[in-house]
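The structure appears below as structure tokens.
Order of writing sets the labels: A, B, C and D. Residues in every chain begin at 1.
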Amino acid sequence: MAMWMFLGSECLLFGGLISTYMLYRGRHPADLGPDQVFDIPFTSVSSFVLLMSSLTMVLAVSSAAQKDDRRTNLWLTVTALLGATFVGGQVYEFTSFYREGLGFTSSLFSSSFFTLTGFHGVHVTVGIIMLMALVGINKRGRIPGDKAEVVELVGLYWHFVDVVWIIIFTLVYLIPS
Amino acid sequence: MAIIERPSTPALAGSGAPAVVTPSQAYGVLKRPVSTTGWRSWVFTVDHKKLGIMYGVVAMFFFLVGGVEALLIRLQLAGPEGTVLSAGLYNEMFTMHATTMVFLFVMPMGAAFANYFIPLQIGARDVAFPRINAFGFWCFLVGGIFLNTSWFLGGAADGGWFMYQPNANALFSPSHGVDFWGLGLQITGIASLTGAVNLITTILNMRAPGMTLMKMPIFTWMSLVTQFLLLFAMPVITVALFLLMFQREFGATFFDVSAGADPLLWQHLFWIFGHPEVYIIVLPGFGIASEVLPVFSRKPLFGYRFVVFSGAAIGFVGWGVWAHHMFASGLGPVSVAVFSMATMLIAIPTGVKIVNWVLTMWGGKIWFTTAMLFIVGMIAQFTIGGLSGVTHAVAPSDTQQTDTYYIIAHFHYTIFGGAVMALFAGFYYWWPKMFGKLLSERLGKWNFWLMMIGVNLTFGPMHIIGLQGQPRRMMNWTEARAGEGFFNLGFWNRVASFGSLLITIGVILFLVNVWNTHKKSSTTPKAPLDPWDARSLEWITASPPKEHNFDAIPTVHALDEFFHRKYEVDHDTGEVRKIASAEEVLAAEEAKADKHIHLPSPSYWPIILAVSLPIMGYGVIFNRLLIAVGGVILLLAMFGWALEPSVADDSDYDPPVDGGGTSKELANIG
Amino acid sequence: MLGLTAASAAVLAGCAKDAPQDTWQPKGENAQKIHDLQWPVFLVAGIVGVIVLAAIGFVVIRYRDKGQPMPEQSHGKPALEIALTILPALILVGVGIPTASTIFDLADESDTECIINVTGQQWWWEYDYPAQDGCGGIAEPIVTSGQLVIPANTNVLLRLTSRDVIHSFWIPALNGKKDTVPGRVHTLRMQADQPGIYAGQCTEFCGLSHANMKMEAVALNPDDFQTWVGNQLEPYVSPEAGSQAALGEAAFTANCAYCHQVNGLSSTAPDGTVTPVLANPDQFVVSGAAPNLTHLMTRNTFAGATWDLLTDECRDRVWNASPEEFGALYLQGVTAECLNAVDLREWIRNAPAKKPMYASDAQKANSDGKVRGMPALGLNETQIDQIIAYLLERN
Amino acid sequence: MSTTADHVEHADHDHGDHGDHAPEAHAHEHKPDSYYVKIALILAAITALETSTYWVDFGAFFLPTLLILMAIKFVMVASLFMHLRGDSKIFSYLFYSGLILAIGVYVAFLATFRFFAST
């Protein structure tokens, strides 16, 4: 329940960041706007990767509920790897933007874009750390309390991060300014 | 006398396992702290009562800090062309006065009461996440200290507590004050957010058997609404503060007009948080008022359901009115009209509360203790503050009043006259519960009258000063604009400054009262178990409560459970008969004492984790290396935290000292 | 009783004398509209307040513990509750409808006939009048500061903006306040019923000298306003050669003209070429502006309208003049007899000491070497005398 | 920040409940893995459709189509992967109250900037 509350609260956090981006997305030099720099095919692939990580997360939760430690660990690891792929893609995307001349402070569009997606990236990274910690302590049999529930809570967080990306992907990438 | 007992794990609960034991083995990285006396028992505690008291003490300290700042402001304004403070210092002073009072006094004092009394009022042994609770407290403390160290490290924030952009960006506010402000609030914000998650979970999950939501004590109800507001408001200010930090520290341009930004973005984000914040401040006070009034009127709260629903309504509508802080900022007539109407709407549930309070007293048998006096004073003052609020909901008239002293009068009547007076009522009302001693009623009444008169002398004239056109946040006022008639600014400014002295004396009397009560702790008699003939659950336990709160978790049958155990009501005649004394009620409960009570164990990690945050904060401001240092501590602490079970393991405990005893007896041994 | 005080204070505030920023003494149509809306609201609020406080007083006295038996444990009467919820709702509907209509009424600017741009910066106001047919016709742009001069009985449209931080423009007797936000232009309609001088003040916290950012609105009847316009557009007259003022002109050019524009001022090189002296405040001041001093002595104030150019006696005469006499008196400007040389000297000698500003070298370091406000120029007393003599002719 | 700690504690404490309200209902039935794979396939298909708007011109339907697809994905993940649908109502209330509040507040916020008028 606490996790649900926390996620409810996060809605307002991301809402604020998304709104800031929406307000500022048009404020940039003509040659460095979202329409010029975004690489939709590339981002679509990484969005797809993140989406699939939700699937593997569900499978991990499901395995944990069936008390299948080995499969739980497997799916958790796969989820973490998919997440890492996504973050890696984001890092690549950021550096390629940077090479094109779009730095954090270049324009209001770039500041709000990097802030929004950066916050999301940090959330994914935190999620990966949580997943790896789960795998680690799971192996040592150290998860206190009900193991399946802990996995499920991490799962909720993970899905939430995915859901946020679903929104960001549509509003930020697909809808041109 | 405190005991540390075995953890609550479902498999073992009630299995007849041993009770009192001492943890012997380290878990996690550091050895588990187990002191039950001395400073260690406080610093590493996870007991909601100890944390509540610490919240209270620290908040009281910041109240004095903020009070001194206020006095300096009033001293400066007592005469024309005041020279007590320089312009820069004056700006820092009013910025920090507001910041301190809002974030470091009223909010945490509400948290103090919520922490201490919510578990007691709902019949729980602790909160849902005791270590997170401790972490929250330490975040608040270190955040507050961090914020105030700015005074010694180049000057405090000088942009006003609302920190409007672009006046607060690095070009116009070059000292580090605003950085301290932003990071400090970010840290105390963590305290609010974790507290909110924790208390909401506690209230929804841990109520005693039989306590449906509509049988919950009203203070708990109002706190629940408050925590929901915090839960949803804190992330908004978090976003705003991050944008501010990125702008000041990393060269972003969110509020930089030359880059095409719109400074109103900050105002919206700030007030989307800021208006719910107003209700975060007053709702706990409403809760205390609604607890104290029935007790001393010897009548149930009039229209409990209406009070609950109006509280919830305030919580909802409070989200739709933020732009009434911005009527003069050029929103356009449609927005202004919409927000003007929404603001009027919120007057209705607030009015409902005042009506219910008056009707609670109506037909009662009113006993004027200090606590009751504070609440009666609070209702009167809040009425004035509420009505002046309606006058600014009228947007055109607000364009004449906003940013003048009239606004200051308004919100001090609601916050000081309302929320703070209620908090003082809470002190007098609950002191015997918390410490087993009564505060002196004689000194208390002096305290009340001085504060009551002081508040009205200080803030009453500000209505006049404001309507006479004196803007706020001005380091001085001049004779040329003061006028000469009855309403001249000079006279009323002096009155206001004089009033602030009376408030000061009142607060000092309170401190004297506390000192007297505890200095002679060996000689002053213990407070009676039920000094006020109270009505709610927190009184069905010892004073002060044992570490585990209740020997047996009471089963709840009615709103005002305690009252109904003491009195029998004849439904035909309406006659009320006493059937049991408080001692008898308590004895009956204790007879049913649980054999095994499980409490969470103290932990080092909350304070270590919290301390890493200001280190990172200093790092952001002064030296990026410190960020790394803080970050390492943070990671280690999180790691240690995650590895440490929130309650010590079975194997940590020695065999039972006394296999057959109940925990109550053991509690007395311990 | 306290409520009574507060309520009656609110009502009686209208009777106070001589409080120049009193919000209860409207002197123009817009402020009047606000007033017509607000006094009934205050009255209703006051009555409600008195009733509630009286009820509290009654309850407290009537139901105090006199040894009566325990009262009935009543949990409330829903019908009464609902009635007492609906009642304030009705009152608020009664307040809300006229509020909404007044909001739109005040926002209507279709009937304005004269445009003035108002720009706030730390810590003074600039007013510029674009060339227009409105205001009775203005042939060339006028730039002034401190005092906003408007024709009386005319709906003036103020276009408000800022060059640095947010300020707020407020002449209580004429209209409510409106923030001036950098990057945005807000509009405000203003009208004064009668010639006269109306005090105002910046009301959005704007940094160090927020308290010293005042303004005055001056309403002149249309004929006087035309005279004023004509005077503002009069060409520059150099001081008589060899006079104190002529020395002042040189001192001004050498020390002040970097930032302060005086239209028509020119410098003559040794070879006889004449070049106009153009101020370049962009280079020295964060906001990129400094008050235009071309006709300084037609205004009564300086340094953000915080100090008067008139001595107290002369100032009182202007402020207390009847609407009929006011125009002529104001158009006299500042004469040598009336000049408040004390404050002006202090200001020229060391401005930041008189009005807190960010103008020291250390403070400049934080803003690319630019000042916010006027720095201390290190002038000697002779130079100050000369400059004052020069300025006295800027009428 | 405290999320890691959050759930650890959560696990310990929920069982200490003595409330009379609905317990934390995690006892939803477990679907076979193939069920989740099917959902994921649908989600993938929607994403493909969304991405296709980059190449195919949808004209006036462009914006509403994208928003609807986004909403469908959101609800699917929330209610099926996060099984809000099967869980205690109170979770839905907590989460959706935050979500709806966020949408309401921020739409109003953007409206005050005339965001919707300009696009």
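Definition applied: contacts are C-beta pairs under 8 Å (C-beta built on N, C-alpha and C of every residue); 3 or more make two chains touch, one makes a residue touch a chain.
Source: prediction; values computed, not measured.
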Count the C-beta pairs in contact for A-B and for B-C, then report the pair with the higher count. B-C
Using mean CA coordinates as chain centres, what's the gap between chain A and chain B in Å? 35
Averaged over CA atoms, how far is the centre of chain A from the centre of chain C? Could you give it in whole Å? 52
Inter-chain centre distance, chain B versus chain C - centres from mean C-alpha coordinates, in Å: 40
So how far apart, in whole Å, are chain A and chain D when each is placed at the average of its C-alpha atoms? 14
Shared interface positions of chain A, touching two or more other chains: 1-2, 5-6, 8-12, 16, 23, 133, 144
Where in chain C do residues touch at least two different other chains? none
Going by the touch rule set out above, which residues of chain B reach two or more other chains? 128-129, 197, 204-205, 231-232, 236, 260-262, 264, 272, 332, 642, 645-646
Which of the chains are touching one another, listed as pairs? A-B, A-D, B-C, B-D
Chain B partner contacts - residues on chain A that touch it in the complex: 1-2, 5-6, 8-13, 16-17, 20, 23-24, 27, 104-105, 107-108, 111-112, 115, 119, 133, 137, 142, 144
Mind listing the chain D positions that touch chain A in their complex? 3-4, 6-8, 10-12, 14-15, 24, 26, 30-31, 33, 36-37, 39-40, 43-44, 47, 50-51, 53-54, 63, 66-67, 69-70, 73-74, 77-78, 81-82, 90-91, 94-99, 101-103, 105-106, 109-110, 113, 115
Chain B contacts chain C in the complex at 86-88, 91, 158-160, 164, 166-167, 170-174, 257, 260-264, 297-306, 328-330, 332-333, 336-337, 340-341, 344-345, 347-348, 351-352, 354-356, 358-359, 361-368, 376, 379-381, 383-384, 387-388, 390-391, 393-404, 456, 460, 463-464, 467-477, 480-489, 559, 567, 569, 574-576
Interface residues, chain B side, partner chain A - complex: 128-129, 193, 196-198, 200-201, 204-205, 231-236, 238-240, 242-243, 246, 250-254, 259-262, 265, 269, 272, 642-643, 645-646
Parts of chain B lying in touch with chain D, wherever the complex brings them together: 7-10, 123-124, 128-132, 135, 190, 194, 197, 204-213, 231-232, 236, 262, 264, 268, 272, 319-320, 323, 331-332, 335, 553, 598, 638, 641-642, 645-647
